[in-house]
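Paired with chain B in one complex and with chain C in the other, chain A is shared by the two complexes that follow.
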Partner chain A sequence: MANPPHYLAHRKSWNSWNTSNVKDGNRPSETAVEDMFIRQFMRGTWHNLFVSEVIIKRQHNIIRIAGIITRSIAPYKIYFLTGYTEELLSYWLQCPIKIELVTTDSKKDVVFKYI
Partner chain B sequence: MLSFRLRFKASLPQNLSKILKLFATRSNILETNSNESEQFRVLDLYPQTKVMQEKRKTRKTSIPPSRATNMPTDQDWPSVWPGARTFHPASVPLPLRQGYQEKGASPNKYANAELMKIPNFLHLTPPAIQRHCEALKQFCTKWPTVLENEEICSKHFPIEIISSDYCYSSPTIRDPLARIVNLQVKLSSLYLDTHAKDKLLRLLGNKYNPETDIITITADRCPLRKQNLEYAWYLLMAVYHESWRVESWEAEKSIADMEYFDWDTSQSRTSLVTLYTWPIPPTDYDYEIIPHATEYKIAVSDLINNGEDQYSVNKYKEAVKNLLNLKCDNKE
Partner chain C sequence: MIVGGVDPHLRSVRLLEKPIPHEKLCRELIRLQSTTASSTSSSDIYIPNRIERSPTDILKALESTISRDYTAPHYKFHDDPYLTPLSKSQIRNYALAKESGKKTAMWIREEHHNLFQHKVADPEIKAFVPPPIYTEESKVTEETLLYEISNAHVSNSVSIYNLLKGEVTIPTKQALLELLCFYNHDEPANVELLESRWFQLREKRIKNTWISRPEIDILFQFLKEQEPAVAAAAYNAMICGLAKYYNGDKVWHMYKECQENNIPLCIEAYNGIISMVSILREGEDKTKSLITDIYKAMATNGITPNIHTFNAALSATSMLKNKRIILDLTCNIFADIAKFKLKPTLTTYYYVLRILNKFDDAAYTPFIKILKSLKEETLTIQNAKDLYFFFVAMEMASKQLCERQAGEMVNELLLSGDNYKFIGDSYKESLYYRAYLELILATEEFETFYKIYSKLVPHVTIPEPSVMKAMLETLQLYPAETAIQYIPKLWSHMIMFNHLDTQYLLESILHLMSVHCKPVSDSSLNAQFAEIALIIWDHIQTQNAKKIQHIIMSNTIVGNIIVLLLRGGNFDKVKEILSLLIESPHLIVGILMEDYVHEIFELCLAQAHTPIIFSLLEYITSNHLEGAGEMARKLEKTISLTPTQKDMLINLVGNDILELQLSNELNEAK
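Right, the complex of A and B next:
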């Protein structure tokens, strides 16, 4: 996040990985809108928990949603939210969703630079 | 009243404006004068009881040490990481670093978003791929022993069908480009005579590649691959049978319509045979008995079909000399 977009592929990587934006890729607009929706949904559902960007990786028909969250809520709530998010998003987007999270103790673990 | 005052003084912050202070004091005085005995309500301009902000409790969950620290070195990795998955630092016992920092080394694997972004192939280690292959072997059949090399394969299976499948990272498996079917067949593998071959090449046009001797029929007009494949089969069959058919108007082709010089039907052959048997008129135009006639035939055909150049003219000259039994200088 500290790096501006022109450092993409130099210092940092893309947050969305899919084949829609390669040359002659299919359904680029649908993918972009779906990604926007997923990000909004994750931000609202996992409120104040994500300390990184929401990473959306598409692999065939699977959508993998990854990110780093803090351990500020009880583990059973995280399990519930994972199942809830997977169930609802797979119902809306009509494809399997996988939530793959990494937890960290505090928000400071992911801060590299203060602007 | 004194008590009130004291109380107010205690509650007043240091930087309070004078006007407010005065007002507060006066109101207290008025109230105390009217009825002293009763317990008065206190005008709390600055309430003492602070409403404590409920601070969100940071829950401390006891986290066991990461699994990567106590993994044995001879563990079965494909069962630890069986499928494609986002990188997880606690499951991968590798000291990986990824990302960029202004000063110092790249960030380590813990809480590293960059490592989670890039696709990994931790599930495709060589032992894992070997196991996949072993598992798939039961569904494979043995390669036929007769088909040893490419030539035998192309002899037994002369037709090649090429179509493409497309993989996308999206919920749809349809791609319009997957409908296109290429049917390739070698011209030499088709049973054709001279007329049929000539007609077939005329019908095919640029579908035939003379360098590789391959006919390519591309079908993409139908929406499905199966339909296109059937259409390609139909086209090959139609063009083959059409090339064998001799139409009535094809007999009307005269020498002027010929696209190449055919010595066997030419006036040159008739003249040669007539000349050879002169004065008796020839019964059949068989040129095989004439010495050097074949050489002459080739020389004339080359000269007319391939155009005049020094080589072909010299060849023609030698052929004529041999044919007419003239003395020729081979030393030259």
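Right, the complex of A and C next:
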């Protein structure tokens, strides 16, 4: 998070993984807008839960949304939100969506550097 | 031909491109020589035929390279310590919570279907598009109705039919009648909601659940007035539907009507009628004649029976009670199956198992024969009852035959190929594994059992309290050294699977620790056991604090807890427990047994812990138990008491006992 863009691939990785922006890539602008939409959606639906960036990975027609969340709500609620997000986003983006989560006890676990 | 990947000639040319030191060249040449020599020996190269691969073959090949992780949860859960379910109820809750989220999303799409009309996917994917809603304004045709019927949307089909005011062709009316008869009052289950189906408890009782809907009656009345072929099809649909929802009387009525009017029925309708024979309850002897009558009717109409006909007949047979009639009928049915060269399905064998169930040990040989013949077949699902086979087979192997080999054969059959789909639902799966674990426990050494147990638990199944109880009871039959190894493992599982509220399990494990595996007094195990006892006591107290109705513990549980705590040296807690027992004796069933009281006394006396002895004496006197006087005397003899303590003792047991003792001592002195 605390790295400027030119450190991409050096000190941090990409937040969106897709091949839209290679030469003759498919739907570059649509992909960018959809990724923005997904991030907004995740921020709103998983309110105050994500402690990492929302990572969006696209392979063929599957979109995998990954990230680290805190354990501040009960596990069954996390499962509810997973089912809800996967289904609703796949209606919206019309392709299969998968949520890949890792949980952590406190926000501090993902802070690696203080400025 | 190029052999060994690279042409030796080419290789030597390439070698000449760069100047190479002499030595290196020599080595290279020797190497080349050896490769050519080895490859000429197998000069004939066989090029295999191309193998047709399916799109998922590469995934299957990859999957076969990884072994199963027995510590991971089912793949539908997140592999994260916080999100891993630990008990049966959690498995159910989490899986259904996820599905509930899915349903919520479906509901939102239905409520705001106008917002989901955008088209991103090309070509369009039907599953992502909101389902159409039919109102007064929507333009519908017969095609729309046929489309909805083919997708099995009952309510949509009915509303379109009403919008069309019933003006459709006869084949469409027949299709709608068939749809309504098949689903009657319920909508077809959504195939996407797997978890709801997996955890659903199905109605086991056979009872009439047919609801007569006006649409069905109107359609049927109309169709049966038409030409004979149409009327026959309508009767077939009605009989099949009524039989599916167990409306025996109406099925029989229609069957008679068809016979009177010479209406030809199809094989499915006959199968439905045969399956109703047991519901009509006409008496044992009549079953056989009824089935024979139907067979005759089929023969005169030129209908060839299929395997489902005989399955239905077997189902009627399995309901009978007279063993002679059952054997007779079953033999006839199997002769017929052989005569028509039909292949028995899992359902056939399920009913055979139900029949064999009545024959105790004699069932063994046919049971093994069935398993052997099934082993050679690839099973396909043909009937809803197919899902009952495996758990019934395992229960038979476990309870009726108690034969490890038979159980292992069933398990092998279940795990071979993709037979696991026949396990049915979560309820049947847990019945299956309960029977399997109990069978192994009863027939094998505990060590072997535990190896199998740790592969299944918690990866595949979670043991029910009854299985846990059987395990603890079996451990009591083993010498203490063996049993001690397993106590911590089982205890951690009991905590994990929430078994702390089950009293008989607590009783068993406490008995194991305090009586069966009693450690020597200076063993470190005492402290560990005391810790377990403390956890149990604290758990019960927190439960009591939460609930209005208190848990009433058995006296052996409390006795064992106190003894274990004392052996582990936790005197403060024992004092607390005893004073609680004196204050509220209603918390335990009965009173502490004499053995425990004595052991508690001896343990305290050895440690010279007078406060607990006083509490114990108070408990004894308040409950009018015997032995207080003797204990008091012993206490006074062993430990020198202060005057206040002596006063307390006199208050508790009365002066006469102590004085008696004093006078005895005086007499002895004289």
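What we mean here is this: the second predicted complex is superposed on the first by the 115 of 115 C-alpha atoms of A that agree within 3 Å, B and C clash if a C-alpha of one lies under 4 Å from a C-alpha of the other, contacts with A are read in each partner's own complex, and residues count from 1 in each chain.
Keep this in mind: a contact is a pair of C-beta atoms (placed from the backbone, for glycine too) under 8 Å apart; a residue touches a chain by one contact, two chains touch by 3 or more.
In this text the structure is predicted, and so the values were computed from the model without any measurement.
K.L.:
Using the overlay on chain A, decide if chain B and chain C clash or can fit next to each other.
P.N.:
Clash.
K.L.:
Where does A:52 make contact in the superposed view: on chain B (first), on chain C (second), on both, or on neither?
P.N.:
Only chain B is touched by A:52; chain C is not.
K.L.:
Counting residues of chain A touched by each partner, does chain B or chain C come out ahead?
P.N.:
Looking at chain B versus chain C, the one contacting more residues of chain A is B.
K.L.:
Classify the contacts of A:71 with the two partner chains as first (chain B alone), second (chain C alone), both, or neither.
P.N.:
both
K.L.:
On the A-aligned overlay, A:32 touches which partner chain: chain B = first, chain C = second, or both, or neither?
P.N.:
neither
K.L.:
A:112 contacts which: chain B (first), chain C (second), both, neither?
P.N.:
In the superposition, A:112 touches chain B alone.
K.L.:
A:82 in the overlay: touching chain B, chain C, both, or neither? Say first, second, both or neither.
P.N.:
In the superposition, A:82 touches chain C alone.
K.L.:
Name the contact category of A:13: first (chain B only), second (chain C only), both, or neither.
P.N.:
first
K.L.:
Looking at the overlay, does A:3 come into contact with chain B only (first), chain C only (second), both, or neither?
P.N.:
In the superposition, A:3 touches chain B alone.
K.L.:
Is A:60 touching anything from chain B or chain C once the two structures are fitted on A? First, second, both or neither.
P.N.:
Only chain B; A:60 stays clear of chain C.
K.L.:
Scan A:95 for contacts with chain B and chain C and give back first, second, both or neither.
P.N.:
After superposition on chain A, A:95 lies in contact with both partners, chain B and chain C.
K.L.:
Superposing on chain A puts chain C and chain B in one frame; which of 19-27, 55-63 or 343-351 is the clashing stretch?
P.N.:
Residues of chain C that clash with chain B lie in 55-63.
K.L.:
Shared contact residues on chain A, chain B side and chain C side combined as an intersection?
P.N.:
Comparing the two interfaces on chain A, one with chain B and one with chain C, the shared residues are 71, 75, 93-95, 100, 102-103.
K.L.:
Along chain B, where are the residues that touch chain A in the complex?
P.N.:
56, 58-59, 61, 63, 84-86, 88-89, 99-102, 107, 110-111, 113-114, 116-119, 167-173, 175
K.L.:
Under the touch definition given earlier, write down the residues of chain C that touch chain A in their complex.
P.N.:
So the residues of chain C touching chain A come out as 78, 80-83, 85, 90, 93-95, 97-102, 104-106, 108-109, 116, 119-121, 125, 128, 130.
K.L.:
Hey, which residues of chain A end up touching chain B in the complex?
P.N.:
3, 7, 10-15, 17-20, 25-27, 30-31, 51-53, 55, 57-61, 64, 66-68, 71-75, 93-95, 100, 102-105, 109-110, 112-113
K.L.:
Looking at the complex, which residues from chain A come into contact with chain C?
P.N.:
For this pair, the touching residues of chain A are 71, 75-88, 90-95, 100-103.
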